[in-house]
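Chains: A, B and C, in written order; residue numbering restarts at 1 for each.
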């Protein structure tokens, strides 16, 4: 089996898990399982959790240039464990994957990095906080006493692009589900999931045409689990939206035999309300041909209980992350009953 | 219609047809067989190159040969895309393999592809991959191994952590592969090494492949002689038919086209047969070739053949080219033949008389080219061109010189039968000349290559005796064991001579620097082909370095010149030593200096001098607890070296036999086709009172005499060939020059073979003549021929 | 004195339909100095009879007496030896040895038989008009010249028996007549018994005796 295919399966493919792939189909292999009611602790939980099978540090940013032009950037570090522990040297069973994306209205750039734990090439340390692979890094610049994620420096480079950002959180951490215990299917698969959705961002994009100074907003997702998806789930559609009135909405639907939805409504002061299965409704409005596939890049998201109807338009419909593990990820503009900006991620197309 | 008439000739002359097809088949087979071998080997080098680097990707190396693993993370953190590699030799029972440790997540695509069918988790946990042929060599593999054709033969591909554990290199890496652009400036203490191993192998083995190609071309040429003579004779015999057809109004164009079509048809049939035969031949020879390449160059070549359509097409093309080359003359002559040209043998004879003069002129011209090449040429290609020109010149000269000899013999002959014998031999020479030229080439090639190999063997054995004086050598598991062994042995034996080396580029060529302890073992025995006075004292005084002959000849460095050693700058060359069987350059400095230049270099081997080998061996096994595999005694080492040597020339021997067989077949073909013509010449003798038995005996004797004369001619040509091989080709290809030694016993044996080949070729026609009871001869008197 | 005597010669050849009789009891004798012409249709067996007389072929039964010796009873080597010394052969195709000069061709059989007489040979060459051509090779000669060499070669060994198979068959009439006359003259002068196969009644008419072979029997 190809290394990269292996990673695809390990990280993304619930179907493979359903087929009992390499003994990874169950959590009977010693991996830790999220427990309801366990309180998250910081700074410890900002760092890696080697006992859990998968984990990520997922930052998306909606940005504008001085001329008002829209941009988007993504910085992600994935961790995947072959065994529920960390060992030093090449014996480490921890495998790391970095993704960086940069979207402009007429171009999309993506790059990836792979590495192993144990030898200092990649990792995520809680204090002082630093998540890194090669020269890509997300490093805390927070002052002592403040939450480590409240200020960050983030950098990445690809073969034809690069970026560097300073992020400052304007609000508290937000916990999804029940205090960070987030249900991922009707059958009860769950993960630990918290976010910092209140970043203001300044930084520089290195584009082939030259550097561009940008400002905007950022949203960091932290999630870890050992089996987040039910075996029949094929992929998901996920949005993080910052409304112009200061509210935030995180919502996703997991596509399987049945549709499972969940979401979090966040007030400007950080008060989070979990939205149960079925509260949100996702309706594709239009598709685009992207990398040889048909992808629903325009969506209508309804929250009937609040009479909310949002329509999303991609800044660039061609925001395909054409990497070993490929998916659609890019900035969106939101209109409808509310306006705002956000990020859309679609997998399994 | 025309074609039917033309083809009917072959139905009546089945033997001639068989010879034509056999000649072309054999020529194609030998050529394409050799090409298949070359392609196989080159493919294997590419596999090796793809595994360790991506399309010749560069490496970052440390001068000391290895670096701290931390350099990897450090460079990655700076954005330099590198992948770490740990490489070393591993002894597994009787087998020594290359252990290649890679980091699959950062490795180039080519390397990752080797893992295409594997399980990453098991790979991380210690499992590995090996070529199926390597796998077959282990009864107990050192780790769980899965088969993979993407891994070169003789290499185990494992995770970097696994390799470090097995090689005792924890925390160390051998080099870094660059998967992105090279950093500028280069990281501290690291150098950019551009050449990948595959490219190195390509360069080193080029000469070997050129050698094979030259043999293939020679065999092809010899095969074409058969085809040419068969086509030519068929043309002569069908002259009447052509005349008749032309008289009946068949246009010349149609006739020529029909003849060309016939040629193409035969080329196609023979080409296909030749490809099949060539494939079988290559498959049969490949294990030896692979063993040679592994033994001589460490080149990983699998022993099982793969089929390539490109190769097949090229082989067919060669068959067509050969047919056109061999049959073109006949077509040309047909095109220029007057409608009613009489079928007169005298015209043919006169034409051959003219041809003979052209032949001599051509031979002289080629001889001139050869002399010019010998004088002004340089390089391997010029060497082979010189050989080709000289051989072709000698071949062209063969018939005229034979004619001269036969004329002389005829002058001396008194008895009428003897007179006739010589005169008749001379008259038939033109018809036999192509086959005799083929025989001459085959014999000369045999003598030349045989002399070269025998000279080499004689020199090599003497050299081995000088070089392998240590009673035995020990290969320690790691650096720590080497130190322990030295301490353990020091009080028990006469001397412990450690072998340390670092890889280095010397005068631009890949090679290594070795440490040598100042010891009588070396002072008394180490062979030198050139040196300064007091060479050993000056070496011990850190006054300079010894270099091997390969380096001396490639870079033209001799005592008095200077060589650039890594870390030491320019140092004087104190002496040059022969270093047969090693494709790389070498330099030797004294031990103390070496350790200061390249500190921390581990000891790879220990040479032991002792008066009581068995006691020392017992002490090592019982007291020290060394494994028996780690000890190589002198006899073993010699046996291994000789085995490698013999294997290297096994393929040469096989090709020699094949070439000689082709020549014998050429003779057979010619003699069989001629036997009809011969009847006219023999019938009058029979009528005048010679018995059939006498005539058959004389036919055999003539064949033997011609073989003998050809052998006599081939002798100087062969010796010239040997001299060129030893003084030009070997120097260019391997980097060493050997003295020519002559082995007359071998010649006698070859003469015997030539005689046997000739008798084999002549026996059937002679037997037919004898046993035919005169019937065929009587028909000579009855019909117009 | 009869130098050549054939007694009740029988010969058949194997064919697909079984044995085909070619000679069915032929007897004849040729005396010293006598010239006997043998005529017959194509396929009547004339050439076979001549080959048997020369010992080139063995009869199925019957005797071939040359002098007192029965050629047919001898083994191959014995026949060859007898042929060498006592039989001269002249063929329609001349059948000279192409690799030898005219001179060497002339003397060849005589030397082979060990009875070479250089003076006689030279005289023969003069008589045959070949003196200027001795150094040439057969293929450089005209047909008539070649046949004269063949006759000279046959006679140089002074054979008791001269056998000729259509000696002028390949020559034009004038040349043929001249060559024929010369052969007759020389054979008679040497006292050889000459058996001549021809299909020309005109030539046969010049001989001492005429035998006609029809369906394997003398008519």
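We take it that a contact is a pair of C-beta atoms (placed from the backbone, for glycine too) under 8 Å apart; a residue touches a chain by one contact, two chains touch by 3 or more.
None of the values given here were measured: they were computed from a predicted structure.
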item	value
Central chain (by mean CA position)	B
Distance-maximising chain from chain C - centres being C-alpha averages	A
Whole-Å gap between the CA centroids of chain A and chain C	116
Inter-centroid spacing, chain C versus chain B (mean Cα positions, whole Å)	63
Intercentroid distance (Cα basis), chain B paired with chain A, Å	61
Of all residues in chain B, those that touch chain A in their complex	69-70, 72-73, 76-79, 81, 103-106, 112-113, 115-121, 124, 159-161, 164, 170-171, 180
Contact footprint of chain C on chain B as seen in their complex	344-346, 349, 415-417, 419-420, 423-424, 426-428, 680-681, 683-694, 774, 777-778, 780-782, 784-785
Chain A residues within the chain B interface of the complex	1-4, 6, 22, 82, 89-91, 93, 95, 114-116, 119-121, 132, 134-135, 157, 159
Chain C to chain B touching residues, read off their complex	47, 51, 54, 56-57, 76-77, 80-85, 87, 89, 91-93, 95-100, 104, 107-109, 111-113, 139-140, 153, 165
